[in-house]
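Each of the next two complexes has subunit A plus one more chain, namely subunit B in the first and subunit C in the second.
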Partner chain A sequence: MSGFARPLKIALGLIVVAGLIVIPMNFNRYGLFILSQWAVMTIAAMGLNLTLGYAGQVSLAQGAFVGIGAYASAIMTTHGWPLPAAIAAAIVLAFAVGWVLGYPALRVQHHYLAFVTLAFSTLAFLVFRNESWLTGGIYGISNIPRPHILGIATNKPLPFYYICLGSLAIVSLAVWWLIRSPWGRAFMALRENPLRAQSLGIDTRRYTLMAFAIGSALGGVAGALYAPLTQYIDPVPFNLSLSLDLLMMVIVGGAGFYFGPFLGAMIAVLLPEWLRFTEGYYLMLYAIAVMGLLIWSPTGILGILDRYMAARRTKAASALRAVAKSRLETAQ
Partner chain B sequence: MSNLFDLLVAGLATGAIYALVAVGFTLLWQTSQTINFAQGEFVMLPAFLMLAAMHAGAPFWLAIILGILLSMILLGLAFKMLLVDPMMRHGVLPLAIATMALAIGIKEAVKQFFSAEASPFPSIVPTGDVSILGHAVSLQSIGVLVVAILAVFGLTTLLNRTSLGHQMQAAAQNPTVARIIGVPVERMILLTFLINAFLVALASLLITPIYLAKFSSGEVLGQAAFIAAIVGGFNQVRGAIAGGLLIGVLDNLAAAYVSTQYRAAVPMIFLIAVILFRPQGLLGRAEERTV
Partner chain C sequence: MSAVLEVTNIKKSFGGITAVDGVSFDVREGEILGLIGPNGCGKSTLFNCILGQLTPSDGEVRLDGKVVTGLRPSELNKLGVSRTFQLLQVFPKLSVRENLILAGQEHQGNMASRLVGRSDAGLTDAANQMIGFFKLDHLAAEPAGGLSYGQQKLLDAAMAFMGGPRLVLLDEPAGGVNPSMLADLKDRLVAINREKNATFVVIEHNMEFVMSLCSRVMVMAEGKVLAMGRPDEVRKNPAVIEAYLGH
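For the complex of A and B:
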């Protein structure tokens, strides 16, 4: 059965990717901006999904890492460095800070860890706001250049959307590979049963720090793309509410599901836009939708699908069993 | 020195309000493992309910009573029955996320149905200063302190001296055994939600005259109460009180002596230090629960 489902899945994936490439071609400026934002936020949410969904470490600081990446990229590209170098620097910086932030996770877990990361998030915001010699303070950094890739300028929205989409594709493949590698399995072991993981010889200490650092590094990538996308950054978008939004994306999409962040970011970025026709009510409706969804399915959108598939599989299995049983009985 | 005295009094007054909010926060955690990210918005909303009642023509005292009653219905009863009950058995995180969404919803609703601008709010204490030990202290600070102390005193008396309070504690500490010995656990949980709603309404009444009624004012307040609860001890009512007072004083002293830019950093660094070196909080017990 799975042999039949696999080509179907690949075909579906190809259709979605082709759609993401072709359909936006005649979108207006704003539509492309929103779609680029979706791609960027999906990258950040994938990082958090790795930390939270796969390794089970609660983090309320992903927004701060997006900020770190954004400032690194803004500062470097306005000083003449190319964007790929800025992205690399953002990855290294976010990875290092994420590694350090992982240390509290070795001592405390669950809600306490959430609070430590929450405090970190606020501290990072204060640094962005107050160290104006570096970050421009409340005035921020403006005129962030967009890169030339292979001689093509990406100042127009469409080429830059393709850069965001391409980055998302690269990150998606990397994460896909990572969660299937022994590392990914070690992360899941960490989430399911840290004690047993350790007794099986998994260095839980190292993998906890790794889970934080890699998740944070992806936040840095998202930030490094966010800066040239908006071409102006100030501290406000990187306050605590971005971290909370990213957490909401992961949970609403389905924590621990590979496609969770894609859907979660879609709901968080696109749903408010689709609800804009309701004018002042759109964020209210968005909040109600999120609460309703979580009441219905606390494991997120993909949790619903997962339950449905599991139910179907049990049904199919019990049907097979019934057939086998009746065959046995007739044979006797 | 007079400066220090003023800072201490002002810090204790805001700290007392933080304590009220933090106590409610810990109560919800203890009885139902609810981490209420909307607690700050819970403090913001009652002031607007009271303002709405006054706009409808009610005198101030009636508006206060109506506001508190409405808060207990909306933020106590409805919050528990519509959001917490369906989600409680699914663990801490989805419910915490749902309260984040609730916070957005409350903020937006106030902005849409009331006003995006800050509105003045009448004070229950007359303005003016009195002289204490040669220092001018504002009546407002004293009033806030007195009301907060009375509320906290009333609550601890209820929890520690009455049968009802003992039943509530039993329901929080070990629901299964409490149920066996005949404590109506469900009703006790509901009661803590009602008490929380009462406390936030009271805090709203005390703090709004100082900071004005604004849809976004819950953010800072919620975070301060949050930190107070953790610093003091997540599972202890008296811990939350101590934490609230401490954070209030610390915040005011930091603004004066550290820098206004980094005043918000001081409680955060304090919070990280407490969690790392004494995760159960300054006055808390080590947590035995596994969730």
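For the complex of A and C:
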């Protein structure tokens, strides 16, 4: 990505943001719902990208944190609390539970950690389904209200889409700040070489727990927005397959790349809509496309771009070396 | 001269094997102590016990007179103890400069200031200085994984110095480094030792390197200390010749 000139990057970013604000004004109800869903899933995938892509801690529980956020938000807003308070509560709750789920990561890694988080995902699903005094059980929670922000009702799809987009913007800025801070560097050190990181004074325990807690908290934010978006939740959307979907968004987009989750969520949420014309074949085509992509580029879509940029830099550098060498030879 | 590091009767067993068997020694302030011995004699295990990477089965480690046995490696590093590893341990995807900033950042401020403060923790100048000192200028922006083996060894050593340590334990810094780069490395180590008054313990098999760099040399064999003394004394010691140096 570093191959682009800075002004070009900023201009490109502004065009995309302006497009996301202006173009959906003409969308119908369903189009806005899909786009809002993209924004919400991107937030959840950014959280997983932090835990998995940057800090290298495998998690199959991100969907459970979306569920925790969604239930916290649904329960609070149906009891008359404002959405911002519900989002704050979802963040705190998901952060705390994520912190606790980080403890196994201090002992086990890779597939073993995946199994621990998978078990947690199942546990969370059972709580959503069986603790009906709190969660409404299989009947779920309906009539989840949408908020009034600055006196404007967001019952219509467009205003609520802007709430999702605005939240995505805030989360994106926060994550961008985090990964370029010394914390982000410490997360990458956890991923690349925890043994060496320790010997450089990096408290690997604390950073591992933080990586889990912050990633989970973003899952909670996504859930807290998902509940008023659909206005009805039950346990089914938060089962293991959501965790797997989010994992795929991160991997397909490019784990450890800042823009990976944006692309990954776009493919996971929008591609099914675009492939609708194929009718029954959509899932098969989708599966084949993902397999093909990962064989071609195990580091995801942004991995392809990254390799291209690296190749271009290498080429430029060797051209410079060739020039320097010929000058040296002429000088002799 | 006072002792920076006092190691008393350290033992470490793995199952039936006693890798380190009651080792005691002092490291004096400002010295460069060499640690030599045949492969498998317990040198690296001793390092790992001192640095908290392994918990010794018995014995005590003191830093400036205070017991530090059982502290975690990151806590020891904060107290000014740093190390390099026998096998390469850099962060391949980060650039050379980022590697060095990472190596120093935990010594700046606290967790909160590292989150809200400057992205480089105010270390870009210090990192550039270290890059210049180790003659890696032309590679500063390259990913560390793209450097040659010898260059990565230099970076590995440079990283150990970023936190301004008082005591550095180097595990085979010369292994796999070509002669001209090795001479450079030795110069750098001597300069840091004199200018920053940093104390070193160096594990090394390259005898020429050890004998010319170190003020004292400790020889280990089968988990025990075989000899300790000036390089020329150790070299003539019949037990050392028998166990390690060869006739």
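In the analysis below, the second predicted complex is superposed on the first by the 328 of 332 C-alpha atoms of A that agree within 3 Å, B and C clash if a C-alpha of one lies under 4 Å from a C-alpha of the other, contacts with A are read in each partner's own complex, and residues count from 1 in each chain.
Please note the rule applied: a residue touches a chain if its C-beta (ideal position, glycine included) is under 8 Å from a C-beta of that chain, and two chains touch if they have at least 3 such contacts.
All of these numbers come straight from a predicted model, not from anything done at the bench.
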Three-chain arrangement built on subunit A, subunit B and subunit C clash or fit: fit
Which superposed partner A:F238 touches (first subunit B, second subunit C, both, neither): neither
Touched partner set for A:F212, first subunit B, second subunit C, both or neither: neither
Touching partner for A:V290 - first (subunit B), second (subunit C), both, neither: first
Most subunit A residues touched (candidates subunit B, subunit C): B
Subunit B versus subunit C as contact partner of A:I202, first or second or both or neither: second
Contacts of A:G280 with subunit B and subunit C, given as first, second, both or neither: first
Contacts of A:Y71 with subunit B and subunit C, given as first, second, both or neither: neither
Overlay on shared chain A, then closest C-alpha pair between subunit B and subunit C (Å): 14
Footprint overlap on subunit A, where subunit B in one structure and subunit C in the other make contact: none
Sites on subunit C touched by subunit A in the complex: 51, 53, 72-74, 77-78, 82-83, 85, 89-94, 98, 101-103, 105-108, 111, 114-117, 119, 121, 159, 162-163
In the complex with subunit C, residue positions of subunit A that touch it: 178, 180-183, 185-186, 188-189, 192-193, 195-206
In the complex, subunit A residues that touch subunit B: 58, 104, 107-108, 110-112, 114-116, 118-120, 122-123, 126, 129-130, 240, 244, 247-248, 251-252, 255, 280-281, 283-284, 286-288, 290-291, 294-295, 298-299
Interfacial residue positions of subunit B with respect to subunit A in the complex: 35, 37, 83, 86-87, 90-98, 100-102, 104-105, 108-109, 111-112, 223, 226-227, 230, 234, 261-262, 264-265, 268-269, 271-272, 275-276, 279, 291
